[in-house]
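Some notes on the structure that comes next.
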Amino acid sequence: MTRTGPWWTAAIVAAALVLSGLLIAVTGGSPAAALRALVQGSVGDATAISQTLLYAAPLLLVAVGACCSARSGAFNIGQEGQVLVGALAGAAAGLRLAVPGPALLLVVLLAGALAAGAWAWLSALMNRLRGVDIAVSTLLMTFLAQQAVAFAVTTPWLLQESRWGAGAALPQSNKLPSGALLGSAGDHPGLQLNLGLVVALVVALLVAVALARTRWGFRLTMAGLNPVAARHAGISVAAVGGSALAVSGALAGLAGAMLLASPLSTNRLQPDISINIGWDGLLIALIARNQPLLTIPVAGLFAVLRAGGGFLAATGVPPYLVDVVKALLTLAFVAPAVIRRRPVIA
Amino acid sequence: MAPEPALRLRGITKRYGTVVACDDVDLTVARGEIHGLLGENGAGKSTLMRILLGLETRDSGTVERDGRAVTVTGPRQAAALGISMVHQHLSLVDPLTVWENVVLGLSGPVRRAAARAEVGAVAERYGLVIDPDARVGTLSAGERQRVELLKCLRRDPAVLIMDEPTSVLTRAESAELFTVLRRIVAAEHRAVVLISHKLTEITMATDRVTVMRAGRVVLRRATAATTEAELAREMVGREVTPGAAVGVLPHAITRAAPAAPARALRLAGLTVRPGLDDLSLTVHSGEVVGLYGAEGNGQKTLGDVLSGLAIPDAGTVEVAGAPVDLRRPGALPAAGLGIVPEDRHHAGVVLDLSVAENLVMTRLGDVSGRVFIDRRRLRRRARALADEYGITAASLDAPLRSLSGGNQQRVVLARELSGRPRVLIAAQPSRGLDVGAVEDLYARLRGCAGDGIAVLVISTELEEILALATRMAVIFRGRIVDELPTAGADAERLGLLIGGAA
Amino acid sequence: MSDVAVDLATVLSSGIRLAAPLAFAACGEYVAERAGTLNVSVEAMMLGAAFGSIAVADLTGSATVGLLAGVSLGALVGSVHGALSHRWHVDTFVVGLVLNALVLGLTSYLVTVGDLGRHQVAQVSVPVLRDLPVLGAPLFVERWPVYLLLALVPLTWWLVERSRWGLELRAAGENPEAADMNGIRVNLRRRQALLWCGCLAGLGGAYLAVGEVGSFNQNMTAGRGYLVIAAVIFGGWRLGRTLAGCALFGLADALRLALPALGYTVNSQLLVSAPYLLALLAMLLFSTRRRRPGALAQPFRRLS
Amino acid sequence: ACVSNDETATPAPSAAPGGSTGTLLPGEPDVNGDGKVIIGVLSPGDINDNGYYESFVVKAEAFAQAQGWTVIKRGSVPVSEALTAARALCRQSADMVAIGASELKDAIPASEEAVCAKTAWYVPSSANVAQTPRIMLSSDDPQQSMLVAGYAAGLLMRARNTTKAGFVTGPEADFTKIASTAFLAGIRELVPGATLVTTYTGDFDDSGKAREATQAQLSQGVGAIYPYLGGATDVATALANSAGAITLTPGTDRCASTSPVFDVSVLFDPGDYFAAALELYAAGKLEMGVTKTWQLGVDPYPTVKLCKGTPEQNAQLAAFIAGIGNGTIDPAAEVRKLGS
């Protein structure tokens, strides 16, 4: 029997919600209030919606990139590290380059994208030269990226914040100049339509078109589905895979630089600036089965969970419980999609 | 009283959606006989056998072993019932050793020493020499086949099923295999089911034959009481030119000798270690040359070089007089070389892309601008090719996976010829095809030569070479050991050549 | 004893203690990977077990019972992972990442609910041998679960390399289609491998908590699970080298923590990244990747 | 209970820059006038660490509960999400946003935003946070307390005739370096040739590593260990206890603890400072735009006490503290002189 349809999704999501509610109830909270907070904090009012949209942008970027690499067969799971590298390069550019005004923002975003693209491409290079598995190397390089950022923000001659007074310098960079910050496209009372989301949506559409309609997309898909046949058809699988990895890294890096410039962060490079956007972006792509357009609603859902979760945590529900709720809901959303594809005989 | 047959299938039916893979099939196999099972691609032979092994569930029907009705839930239980199978797509695990593969799928503790000894003993008994500690991945196709057979025999089966065992074997290897099978049925009183497309094999090696067509049994007969022509007719449901399929009439080809033979393809001193050793060969426009040799003598490597999958350590490939830079991906197709690769699923097609996309994938430039692919042009072109080559598909947008083997082969051929190549390489072109498809394929290949294309047929089957080529080159250990016209080919001498003895 | 000998003994015993949780978990991860699962939830298994062991020790008052509870919690995580990714075919990375988040959240939350006490299993000190110079104290004065490694490592090796179960498991990891044709229940074997992985990673996490540290605190494993994955890669999917990797990572950490006391300073970021760098370098320089299980991280389903 | 009224009744806007005085928010403590008082607390660390981060929350909670207020506490806030988390608190109609440690100082800009218009802000600082008119700063000089901590350790070390001390802490950051330097200077006030081994485990909460670092120091014959840690404090201290080393607390008074045992309580408990501010707040007297600097030797906190000190040692310590309080001892100069 195949079990399909919205009913299953609804049932499993409901189960996850009930389980989360039980957890909250057992620990003395009110599940109904928690649910209300979750909704209130994500779509409840204009401010909440702005917050959700702010989260959606970097998540979407990472996810769309992950679609590219997964479809090319060069399976990248190091987005978290690439987000960090993007933020690192963005911070370096934003703090070190004397570019005026909004041009600096562009420079920051570009630097983030380029650096993370190159960083991800290293995995392709290692694969090309020595056959190192891409999933494995991108995973390992995530930890290297974390240490690289930690090093940069604890080393005064690199990016550590300047000390003032007798106070200690924290492991973080200086704030980016205001010219490098991502503004909002018009401030309607409370509702901020951030430019990041516009960029992310445009990128998602571009990538969707590129994958479905261009020669590059065709080659990439072919290389992913059957690399031998692709090579036989005159496609340099390594180059195509490398380009997909670079694109996926660049988009993750763009997300990192965007985080740095966005009102979501404190506009400084900090070791935890990536706030798991990379991991979540990867999850989004996997849930959306590597369809760039499908990542848009899924990223929206994750953004809702993040914004709502942050708000929920501010009601006094322990933030860890919020993480648990998020994890349960994620499982609920992936499970039915998969049960559907279960074969008839097992 | 006649003893109960070793195996009796009654009324087996299996549907996949709308496809009826097996339609009320009855099959009886007695001990002491080799039973041929013959049928076109997609006739349902493999499905029937998979049901027998419990790898598929049947919709209806019964299975009897020695007269007792049984239910088979999986290969393990099938083995316990005395049914074993050598699969069409080999079921070996490359990184494991021979003995590990042989004991895979049994139960009970693994006794290394005992298992190795037993492998040795079985190998000895049937003359299937093999090192029990060798990693399977390092073995040649013939050796791997031996391992599969050993694996089955070690289970001491009453019924042994062989699904197209000879498709990757040379003639000598096939002959050796049939000797073993004969011994198994005669001396050990087992039953063998031999699945094959090759009519000669069926007539030579089997005692009784069952022919399937589109999921139904259409003929059941003692082999001695039938002829190749009859079998071929029953199998495809119409008259076929037997020669086309089996090369009985090798020289019936009409060919116009080109006035001034132009060197379309020149391979000079190609060396790939390991694989090819200073191989040189020239093919002229309008000519069909056969490259003949036993499996594992470098044909596969040559195919890889000509597909752009391997880069030679030394030597050059010239197409129409101009050397090709093999390092550049896609240089060979651009230079006008088309290839029908040996392993089509692996190298020739992308099963999950649509039929249309598979038809254009090597020549994307024709259906796209600098950046974008023109969907309309793509479909138009695919439709034209599908019509021209008689490709039957539910829809051109359906994934290629949904096509039968013969149609997949046509897709490859259509695509490779659509670029109007100067040279066409066809590696083991008829492997896995039924006679009808082979007939069509041969006609097309001959047509290519007629159009002035240089055709190189790489094959392990002499009949195929004789049916197609005017000139043949014999390959042994990566070198051309002799070139000769097919007209005067002397079977004995060829046997010596491919064995490296001449 | 000379100063050098004391220093060596210090670093060595510290290295053993730091490597032991990794070694337990690596024996598990090794089995999971040989069966074809690139199991990233090993962190969740360790963390869950670390929490469970202290919590149950608190309830029962017995650190040993706690240790067992840790093993079962690890197994629970393993079986959830197995069910999701090898029964319902949810992408194994999704499952792993979500489980890591779930367990981190749950344990972080649960420690805030009640105060957990200190519980530690007994120390074993082998008479005579413990007085050997240099090696005596590190090898022969340890919390007793460490000595389980002496049995579990050969057992793991035997299971994978010599038992039928291991043979089938390797076949499932190398070529699931062929294994299936041989009547091996590929997904069952993979689930079992994950269960084994859960037990051993659980033992590693529980050892960290009730063996070495004696208490639980939030995110106590702090990425040790990922280190274990790096060790298996570093070891090129061989048990011996994987364990050598664990020992190396443990010793490197011990050295990093001991060097200041010995009067040296080192860059901590470099040392923290060392295991990952080494794993990458091992893959770049040696041909370990060739031993990679053929179907690692590829789900298996019968083709239609 | 800890704060005596006469000490804090004079909030002494001691360091209000530019001579400007603070502003009182109308309606304190119910600043937003919704009839409820909600105190929102953000902490960068684990608020169950049995130490620094926990104490900030615990005292505030006790005080607020006594007043019938609601406390929303949120621990382990990623520093890069400080701003977002603060906004979320304001949207929960918190009357006061309290930041647990200066790592979260980047939340302060939210105080200027419309969402937080009706909110009081309490920010502890170690002199690296800029004063704004919308926040109340509470600051101390960690050098002072660490210098005295070292002095107290020195007293005990001298009594035990040991010259080697150890400092185990998390990340190698400016503030941990400063703390370790001042600690050494303090020891050297009394044990001139003393040496200090500082080990950075990289993580305040990784018990396994803290334990190994402590073990390594103990093996080197260290006689006093300062576990300047978070969640890993107890594990390291327990180990130090087993070797009989002198131990100090990172911030709170734990003289009463029996497992593990501490010899010196170093009190720079942010909870104490916060509780004092809350008391003012309850009385409607907490002004924004001012800095309260907690002065060792003048205010009750920060301070250092010996858990089992002899009267003579206690007197010596008290004298040193008083010296800092009345300015005869300049901590910064001492650290410069002795700390390297």
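As written, the chains take the letters A, B, C and D, and residue 1 is the first residue of each chain.
Definition applied: contacts are C-beta pairs under 8 Å (C-beta built on N, C-alpha and C of every residue); 3 or more make two chains touch, one makes a residue touch a chain.
Only a predicted model underlies this, so the values are computations on that prediction, with no experimental measurement involved.
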Target subunit B, source subunit A, minimum contact steps: 1
Contact-richer chain pair (by C-beta pairs counted) among A-C and B-C: A-C
Cα-centroid distance, subunit A relative to subunit C, in whole angstrom: 29
For subunit B paired with subunit D, centre-to-centre distance based on mean C-alpha positions, whole Å: 78
Computed distance of Cα centres, subunit C from subunit B, in Å: 47
Mean-CA-position distance for subunit D and subunit A (Å): 36
For subunit C, residues contacting two or more additional chains: 108, 112, 272, 304
For subunit D, residues that touch 2 or more chains besides their own: 76, 172
Sequence positions of subunit A contacting 2 or more other chains: 154, 318, 320, 345
Touch relationships between chains, expressed as pairs: A-B, A-C, A-D, B-C, C-D
In the complex with subunit A, residue positions of subunit C that touch it: 38, 40, 84, 88-91, 93-95, 97-99, 101-102, 104-106, 108-109, 112-113, 223, 226, 229-230, 233, 267, 269-270, 272-273, 276-277, 279-280, 283-285, 289-290, 292, 296-297, 301-302, 304
Subunit A residues within the subunit D interface of the complex: 41, 47-48, 51, 154, 160, 163-172, 175, 259, 263-268, 270, 272-273, 275, 310-311, 313-316, 318-320
Subunit D partner contacts - residues on subunit C that touch it in the complex: 6-7, 9-11, 13-14, 17-18, 21, 108, 111-112, 118, 208, 212-215, 217-220, 222, 253-254, 257-258, 260-263, 268, 272
List of subunit D residues in touch with subunit A within their complex: 40, 70-85, 87-89, 91-92, 102-103, 106-107, 115, 125-129, 141-143, 171-175, 177-178, 332
List of subunit B residues in touch with subunit A within their complex: 56-57, 307-309, 329-334, 339, 341, 346-353, 357, 361-362, 364, 368, 371-373, 375
